[in-house]
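Common to both upcoming complexes is subunit A, partnered first by subunit B, then by subunit C.
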Partner chain A sequence: MAAIAEDVLVEARPGGQSRWAALALVAPALLVLAHFAKALDLYGNDLAFTVEIVALSTLLIALIAIAIAGYLTLGEHPRAVALLRWLYRWPLFIPFVVAGQIMRTFLAKNGMLNHVLIGTGLIEPISAQSMLDWRGIVIAFVWKQAPFVTLLLAGAMASLERQHIEAARNLGAPRLRVLVDIVLPQVRGTLLVGLVLSFVTMLSVLSVPLMINPNSPTMITVDVAYRINTFADYAVANALCLLSLLLAAFGAAFYLRHAVRRVEAP
Partner chain B sequence: MSAAGPSQGANSAPAEGSAAAKPQAWGDHASAAAPSLAARMLPNAVRALVLALLAFAIFGPLLNLVLWAFAEKWYFPNKLPLEYGFTFWQRVFSPRGNALGSLGTSIWIAVLTVALSLVVAVPAGYALGRLKLPWRGLILLAFLLPQAVPNLPVYVNIAQVFYRIGLAGTITGVVLVHASHGLVLAVWIASAAFASVDLSLEEAARNMGASAWTCFRTVTLPLAAPGLMASAIFVFLESVDEFTGTYFVGVPDVTTLPLLMFNASMGGNYQIASITALLLLVPSIGFMLVVERFLKADVLAMVGR
Partner chain C sequence: MKVRSLLSIAALGLASIAPAAAQTTLNVVSAGDQNMVDYVNNYLGPKFEQMNPGVKVRAVGTGPGDSGSQKIYEKLEAQQKAGSATWDIDVAVVHQRGAATMVNDKLLMPYRNDIAAGKLVSRDTAKNALGANVDGYVLPMFHSQIAFAYNPDLVKAPPKSFAELAEWVKKNPKQFGYNGVKGGMSGVGFVMGWVEANSGLRDKLEKGPYDPGAKATIDKSLASLKDFNQYVVMTPGNAGTLDMLNRGEIAMGPVWVDMFYTWMADGKMNPKVKLELPAPGLPGQPMYYVIPAKAANAAMAKKFIDFAESPEVQADGIVKQFNWYPGIDPQYVQSKMTPTAWNKLFTDISPSDLASKGRPFPLSDYFTDIVEGYERVVLK
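Let's look at the complex of A and B:
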C-alpha cells in the first residue's frame, strides 16, 4: 500500500499526463495514506518500542499497587503499615518533568544508583552501566505512577466491608489468599480505572522520554515533537498522533465499558 | 527493583501474623503460639529489608536531586559532590536568572486555571453528582472521555489553531489549554464530592423548611468543601506542573517553571535544573502530605463512578 501511494504521488506530481488527471479526485485520500505510510515507515520501530514500554510499566505498576495497597489493608504489624502508608506516596504529585530530571541524574553511569550498588558490593565498578535507555523510562514511569494507582486502590480497599476479610482470616486463610480471592475481585473496577488512566497518561508523556532517552528507538511523543519543531510537518505528526490514539482506544475501551456499566447501574 | 519488594513482604508476613503476634479466640492456635525466637525474627528482618529497599527506591532519587542542587563541583568518578554551596542558587534567583519571573508566570497561570475550572466544575459537579439529569450517563462519559485520550495529539493541534488565531505564546492560550485538562479533573472530583454528601442531611434541611438554595449553601456546599478544595488543589498542581501543553502552546513567550527546568536540563546545567526541580517539588510534596485531609476514602471510592 505504501509503495502504491508513493508511486501515485511521484507520478502525479509532474501533472500534465492526462491519464493521471482523474487521480486528482482521489489524491487527497491517497495523500493521507501516504502520511500514514511515511509515519509507519519512519517510526514503526518507535511505535513498538512505545507499546512495549507502556505495557511493561502498566504491568509493574499493577503489581506494586496491589502489593502495597494489599499490605496496607491486610497488614497486621501496625508500625510497618503506618510506615508504608507514609512512605509510598512521596512521588504522588511529583510532575513527570521533574521525575525525568531526577532519574536522569540518579540512573546515570555515575549516578547514585551505581555508587550505592558498587558501595554495597553488589556490582563491580567495571560493570556499572547507564540505565538511561528503555529501563530509565520504565523506572521513571513506575516511580511516578505507582503511588497514584496505589492511592486509588487503597482507598477502594479501605471502604470494603471488613466482615468478609475478618471471617476468612479467622477461618485460617493466609493473607495472600484473602487478597487474591476476596479483596481484589471487589476492587477490580478501581484498579482497572487507575491502570487505564496511567496507561493513557504514560502514552502521551513527552518530557520523560525526551530527557532520558531522546535517541532512536524512542517513544512516539518525542517523534511528534521532532516532526513539528524541526519540519513543521503536522501531517506526519498527526498520523503518529492518530496511531497513539488508536493505542489509547485499546485502553479506553476497557475504561468505557467499566464506566458505562457503572453509569447504567447506579 | 521494588516490584518484588512489597509482595515479598505480603507473602512472608502471614507466617508471623496470625499465629504469633495476635491472641486469637480459636483453640488450635494455642499450640502454635510459641514459635522459636529465630522464627519470629526472620519475618521482621525480611519486612525491615523490604521497607528499607522501598525507602531507597523512593528517597534515593530525591536525595540525589538535593545533592545536585547544592553541588558546586561534582564530576566522575566522585561519589559525592566535591564542594557544596549556594552559588547556583544565587544565579537562579538573580534578576537575570529568569526563575522568579517563571515562578510568577506559573502561579498566575495556575490561579487563572483554577478559577476558570471551578466556575464550571461546581455547578457541573453538583448536577452530575446529585441531580437526576436526563442523559446523565452520557454527560458523565463526555466529561470522562478526555481522561482516556492522550493529551499530546490534542495539544499539538490546539497549538496549530491557536497560532492561527493569535493565542499561541499568550497567557490566555496557556490558561485555556491547562483548563481543558484541569476541568476534567475538577468536574470528576467535584461530582464525586457532591455524590458522597449524605442525602438524608439535605432532606432533613428541606423538611425543616429550607429552600433549595439555602440547603445547598448551608448543608451541601460545606460538606462537599473538602472535596472541592481537593479538586482546586489538584487543578492548581496540574497547571503548575504542566509541561507538554505549555511546550507547544506557550512558545516562545510564555516560560513556566517546568519549561525553565527542562531547558536548563537539556542544556546540561544540572545544578540549575535541580534547583528549579526542587522549587517545583515544594507544592507537590506539600499537597501529598495533606492529601488525605481533603480527599477522604469515601470520596476516593466515588471517583470514576
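Let's look at the complex of A and C:
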C-alpha cells in the first residue's frame, strides 16, 4: 500500500490530484493501525496473559505426556501399564465446553476437589479456596490436551526399535536416563507436532476462560466475543484476531523450522 | 456476519414455507435470559394459540444482555439492506439500547396507538429509551430492577449506601461478589450505580444532555472502583452471583429481583436471603415489545402484544409467575391480584424505596463511556 502510494506521489504533478489519490490509498492503512493501537491499549495485558497461560499449559502438557508415554513404554508392571493405557485416554473425547463445566463444579470453593481434600484431612475447611481463576484454565487445558499429545507420543515411542532401550537397560541405565537420553531424542518430532497443535488449539478456546475465569486479565478470545457482542466493534475484534493469529503463527514457525531441518539433514 | 445473517434468513424462510397454508406461524424473537423464551413457549404461546386457532407461536432466544438485542438488530438490518419484501420476525423483545438503535434506523413499525393496551402505559419508559424518543414504537413488557441480595446470617447490618459498602468490603474481604461488565447486566448495573453515586453526575447521566467532557469525572469515579475490586470476588454471571450467594461463597451481591424471586420459588436459593436497595440507587430497565417495520404477520403481531399487555396476563404471567414489576401501569394490574401476591414483590423493597432508589440506566452515550471507562481504568 505504502509502496504504491510512494510511486503515485513521485509521479504526481505539482498540486495535482495524484497527491490526494495517494492519500486515499494510504488512509485505510492508517485506520487499520488505529484499531491495533486500541486493541493493544485495552487488551495488551490480556494478550500477555494469554501467552503465559498457553505457554505454561503447553509445558505442563509436555511433561505429563512424556511421563505417561514414558511409563507406557518403559514400565515393568504389565497390569499398571494396561490400566494407565486405558485410563489416560478418557479426556480425549470430552469437548472443551464440557471440560469447562466439569472444572466449574470441581474447582469451586464448595467443589469436589475441596471436599476430597477436606475429607481426607489434607486441608482445613477454612483454608479451602476456589481455583476458578487462571489456575482453573490451566488445569482444564492440561487435563483435556495432555491425552492427545500422550497418544501421539506413545505411538511414536512404541514404533521405536526396542534394541536401543534394551541395550541401555542391559548396561544398567536407570529408566529415567533411558527416557531422556535414548527415547526422547528419537520422538522429538512427534512431540513437537503434538505440542504445536495443542498450543494453537488452546489459543482458540473461548468456552473455558469464559466459564472459569471471571477475573481480569482473561484470555483474548473472551475479549473478541465481548467486543462483538456488546459494542458490535468488529474492527477491534478483527485486530485482536489478527494478533492471535500472529501468536499461532509463532508456534507454527517452530514446527516448520523443525520439519525443514529434518528434510535438509543428510 | 452478514453472510451468516443471510443464511439464517434463508433457513428460516425455508422453514416457514414448510407448514400447511392454513396455519400462520408467529415468529417471536426475544433477547434476554432463557426465562424470556420459556415465558413465551410455556405460557404466552399456548394461551394465545388457544384463543386464535390456526396460529402457531414460535419463540427463539438470542441470548442475555445487550448482545442479544444486537443480534436481532443485525438480522433486521440485514433484511432491510437486502430489500426483502417481508421480514421473518413478527414480534421482537429487546432492551432499551437495542430499541433506540432500531427506531433510529427505521427498522420498526409504530403500533402503540393501534392496540387497546397502548393506553394502559403512562410511564416515561414507554416514550424514552435512554434518551432516544421511541414513542409509539414500543410497549414495556415488564420493568426489572437490580438490588443487593444479602444473607442476613452472615451480614448482620447490611451497608445502606455505596459509601458504606466500600467500607464494609474492606472489613469483610471476598464476601461481596459481582460479575463485572462482561458477565451480565446485574454487574453492569452495579457499575452504573457506583458511578452515579461517586461522580455526582446523577441527573446528567440519567437525563442528559450528553457531554463528552464528563468522561474525566467518570474515569475518576471508576478509579475508586478499581480499588474496591481488590476486596471483592468476581462472579461468572447473573446466575453465578445467585449461585455463589446460595452456596454461601459470598454474602452479598447485586442481582436481578425477578431472577432472585424465581430462583427462590424453584428452591434454588436459600430462603433466608433478603433484598435491599442502597442509596442513591441501582438501575432497572424495561424490555420492550417491538414489531419490525415489514413483519410478515403484523396484524397478528399486534394482537399478540395486546394480549401480552392485558392486565390479566400481566398479573398472572409477569408479576405472579415471573416476579417482574409490570410493564403497564401498576394500578391496572393490582386490581387483578390478591393483596398477598401483590405484596410479595414489595416484602423487602417497599414501593417508596423503589420509587426513589429504582433508577433508569444512564443515557446510551454515557452508558458506553462508563463501560469503556471500566475496561480502561479498572481492568488494566
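Methods note: the second predicted complex is superposed on the first by the 228 of 266 C-alpha atoms of A that agree within 3 Å, B and C clash if a C-alpha of one lies under 4 Å from a C-alpha of the other, contacts with A are read in each partner's own complex, and residues count from 1 in each chain.
Everything below uses one rule, namely that contacts are C-beta pairs under 8 Å (C-beta built on N, C-alpha and C of every residue); 3 or more make two chains touch, one makes a residue touch a chain.
All values derive from a computational prediction rather than experimental measurement.
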| item | value |
| --- | --- |
| Touching partner for A:84 - first (subunit B), second (subunit C), both, neither | first |
| Which superposed partner A:211 touches (first subunit B, second subunit C, both, neither) | both |
| First (subunit B), second (subunit C), both or neither touched by A:203 | first |
| Touching partner for A:234 - first (subunit B), second (subunit C), both, neither | both |
| Contacts of A:179 with subunit B and subunit C, given as first, second, both or neither | first |
| Partner chain in contact with A:193 - subunit B first, subunit C second, else both or neither | first |
| Touching partner for A:45 - first (subunit B), second (subunit C), both, neither | second |
| Touched partner set for A:110, first subunit B, second subunit C, both or neither | both |
| Comparing the two partners subunit B and subunit C, which touches a greater set of residues in subunit A | B |
| Footprint overlap on subunit A, comparing subunit B with subunit C | 104, 109-110, 211, 228, 234 |
| Complex contact set, residues of subunit C against subunit A | 1, 63, 65-67, 70, 74, 179-180, 182-183, 234-237, 240, 247-249, 368, 371, 375-376, 378-380 |
| Contact footprint of subunit C on subunit A as seen in their complex | 41-42, 45, 104, 108-110, 130, 132, 211-212, 214-217, 222, 226, 228-232, 234 |
| Parts of subunit A lying in touch with subunit B, wherever the complex brings them together | 60, 63-64, 66-68, 70-71, 74-77, 80, 83-84, 87-98, 100-106, 109-113, 115-116, 119, 142-143, 151-152, 155-156, 158-159, 169-170, 172, 174-176, 179, 189-190, 193, 196-197, 200-201, 203-207, 210-211, 221, 224-225, 228, 234, 237-238, 241-242, 244-245, 248, 251-252, 255-256, 259-260, 262-264 |
| Touch list for subunit B against partner subunit A, complex | 2-3, 5-7, 9-11, 13-14, 17-18, 21-22, 24, 26, 47, 51, 54-65, 67-68, 76-77, 79, 136-137, 140-141, 144-145, 147-153, 156-157, 160, 237, 240-244, 247-248, 258, 261-262, 265-266, 270, 273-274, 277, 280-281, 283-285, 287-288, 291, 297-298, 300-301, 303-305 |
